[in-house]
């Protein structure tokens, strides 16, 4: 049974990675047709680094991702502490609010924000209201719930006496947060921030509706290729991004593995 | 008790950028696109799009079920690996999600095209090419491919948390392996199944890119219609009405599903 | 001897309309070891948290050195706490945990060093400075928690069931240790526990609580020997509690017989509860006894036998070193000083009958008491 399951799992992984392989191979292709391999070349990579436009779009994506991550992480962490102290109806109301962008389809979130911005634009008589700021607001909005949902469980796991112990030893509530609580919930904050970052970097649907011609991110630009043939250097770019993320994840994985084996050893040493 | 005010800025932000936009959507869907006066005509014309709604729901239910059937064994397999393997496989599930889903879908186009990689291969070994693209099957494949990780990860989280002593207890009480699975493991994975279904169904039912690239004009989905109301036909009022109906449909679906499970606020499993 | 340090007057605490503390009046002297004793949910931890500043009472006052401190936040009180599950900071090592409060108070490094070293010596943890607190055993963590609180030289130390998580042997050692530290440092200890033996061993004063009310305040000997009502009699030690009538001073009637006792000050013919401790009863030959009954069960307990004797349908627990086999017909004698008289209370008739006696009563009581309370 377990062996059947293993084979099945391998097949599913192959299924998940086929398009990656296609993209990676295409990035070394001499020809422009992704379906026909005409010979090996690094030209696409050279092209890529000469293309200021693509690199600037990538830069735009990163800027939005970093800014929205920073704002969402701070705002979300502070909010989590607040929500954690709530009880009953108030708490469910706020958590319900948090779940709206999570359960709403992206297209509805995008459309609703676009309409809001258009509405405000008309009221304030601003012409091209869509751009950097609307994009940033949208990204912060859909990142916030991820921060909250990662930080809240850490707060719940934390021994509530720790805060009281800090107060007991003379900390003001603010000191208690920075000296004790923050250390305890840090893993949640980090994973929330990482999720916010990747969600923002990868988002297409919402960005597509709330951005104007002035400030475009990479995924939105790629969508516009629907109309014109895609340039193979884009494959090169994503192959590089893929490798970069792969290295990052492997590194993190190794660090974690080392950390946990250290913990295990310590536990064993204690008997 | 003052601490709950810390979530004030967050609540304000979420009200401004999720609740009010939904209000704006409601406003737009109840006004005429030309005169701006109150009108029910947008909602009335929903009837014309009813077949497309039904097709979207039908196709995404199908894709969701396939995801569940494929995802469960995989999640089960990963959950029973050694912790180091577990982390590695979990990472490998998340890795494809970091690459723009637009490009991954394009890679599938390259694979499935009439003159694409698979058909080229088939002709080269003397078989006749297959009609792989621009049909319902291709759209479902695209959905399954893109959203499968969203099914596997919550399932994995839940299965992993099942206390092994419960399984031993069931065996002790006379269950054979199939009964252990049916009577203990499966019921305990219901929260994961529910959040997996939600996380696949919602983006699948509202997608527009997948159907544009892998489907035919005969398989357009409700997402395509909404998108074209904003980007091509420019009738935001009709688009708003369609979004509103889509949102209500999804909330009804999730509500019905949650009836079967009494899950609490934080049951939306985070990745 | 010593002066009053803390006073609680008419303290009331309500959570969501539920009254958890009901007009608590209590004063605590300087350098006193005072124990709040009661079953879980009796309000003892709530009382402690009010004194610590973690809860603001619904009404009533908390006075410290004569000054009202209701609205003084926890971090400004000269009171420190040892928490139930220690609440050590997992991201800091032993030294940094102990130095935490001193650093907040911005003492200079030399003094911090001195005081932490001194504290480590007092709790016998020298050499553990740089250990992670998560790598310590329960008993060691306990000592760190005590050191972390005492290093700030508080006027009062609050201890919330600090020994609850330790095993029996370690608990006994720590009881002596705590008493020694308290006497050496001359600090007021306010100690919360549900363990009556712990309370009797360590305290100068015991406050017995139930249902948010103080049932009795007194020295351990007084609480044990002169319980005020059936609840106290039953909670502290084992008791046979019977209905009686006080005929006049020093004359009480129960089971149809008149006994001589030492209690005075009751109304004529006032109905009372009569307490007889199981270890005070002497077993004699049937014809020489004040009362006669049949042994229904005998359990060996190590030091003594728990013998249940049926007297006209009412079952008594007798603790004796003499073995009486099941079924034997015996008599008992009661000396006047072994009969304690209590006024009737809301607890009358609820305790002190051993008809449903189970040999495991101790364990059951322990399991119930160790549940957390809020």
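Of note:
Letters are used for the chains, namely A, B and C, taken in the order the chains are written, and counting of residues starts over at 1 for each.
Here is the rule we use: contacts are C-beta pairs under 8 Å (C-beta built on N, C-alpha and C of every residue); 3 or more make two chains touch, one makes a residue touch a chain.
Source: prediction; values computed, not measured.
Number of steps on the shortest path from subunit A to subunit C, with steps defined by chain touch: 1.
The chain occupying the central position, as judged from C-alpha centroids, is A. Subunit A and subunit C have centres, each the mean of its CA atoms, that are 55 Å apart. Work out the mean CA point of subunit A and of subunit B, and you get 17 Å between them.
With each centre defined as the average position of its C-alpha atoms, the distance from subunit B to subunit C rounds to 59 Å. The set of subunit A residues that touch two or more partner chains comprises 173. Across the assembly, subunit B contributes no residue that touches 2 or more other chains.
Subunit C makes touch with subunit A in their complex at residues 52-54, 73-75, 79-81, 83-85, 87-91, 100-101, 104-105, 135, 148-149, 152.
Subunit A meets subunit C in the complex at residues 159, 161-162, 164-173, 175-176, 179-180, 183-184, 266, 270. Touching subunit A in their complex are the following residues of subunit B: 1, 3-11, 13-15, 17-22, 24-25, 28, 70, 73-74, 76-78, 80, 83-84, 87-89, 91-108, 110-111, 113, 115-117, 120, 145, 148-149, 177, 198, 202-203, 205-206, 208-209, 212-213, 223, 226-227, 230, 236, 239-240, 243, 246-247, 250-251, 254, 265-266, 268, 270-271. Those residues of subunit A whose C-beta lies close enough to touch subunit B in the complex are 1-2, 5-6, 8-9, 12-13, 15-20, 22-23, 26, 34-36, 75-76, 78-83, 85-86, 90-92, 94-109, 111-116, 118-119, 137-138, 140-141, 144, 146, 148-150, 152-153, 173, 195, 198, 201-202, 204-205, 209, 218-219, 222-223, 226, 230, 234-235, 238, 241-242, 245-246, 249-250, 253, 256-257, 260.
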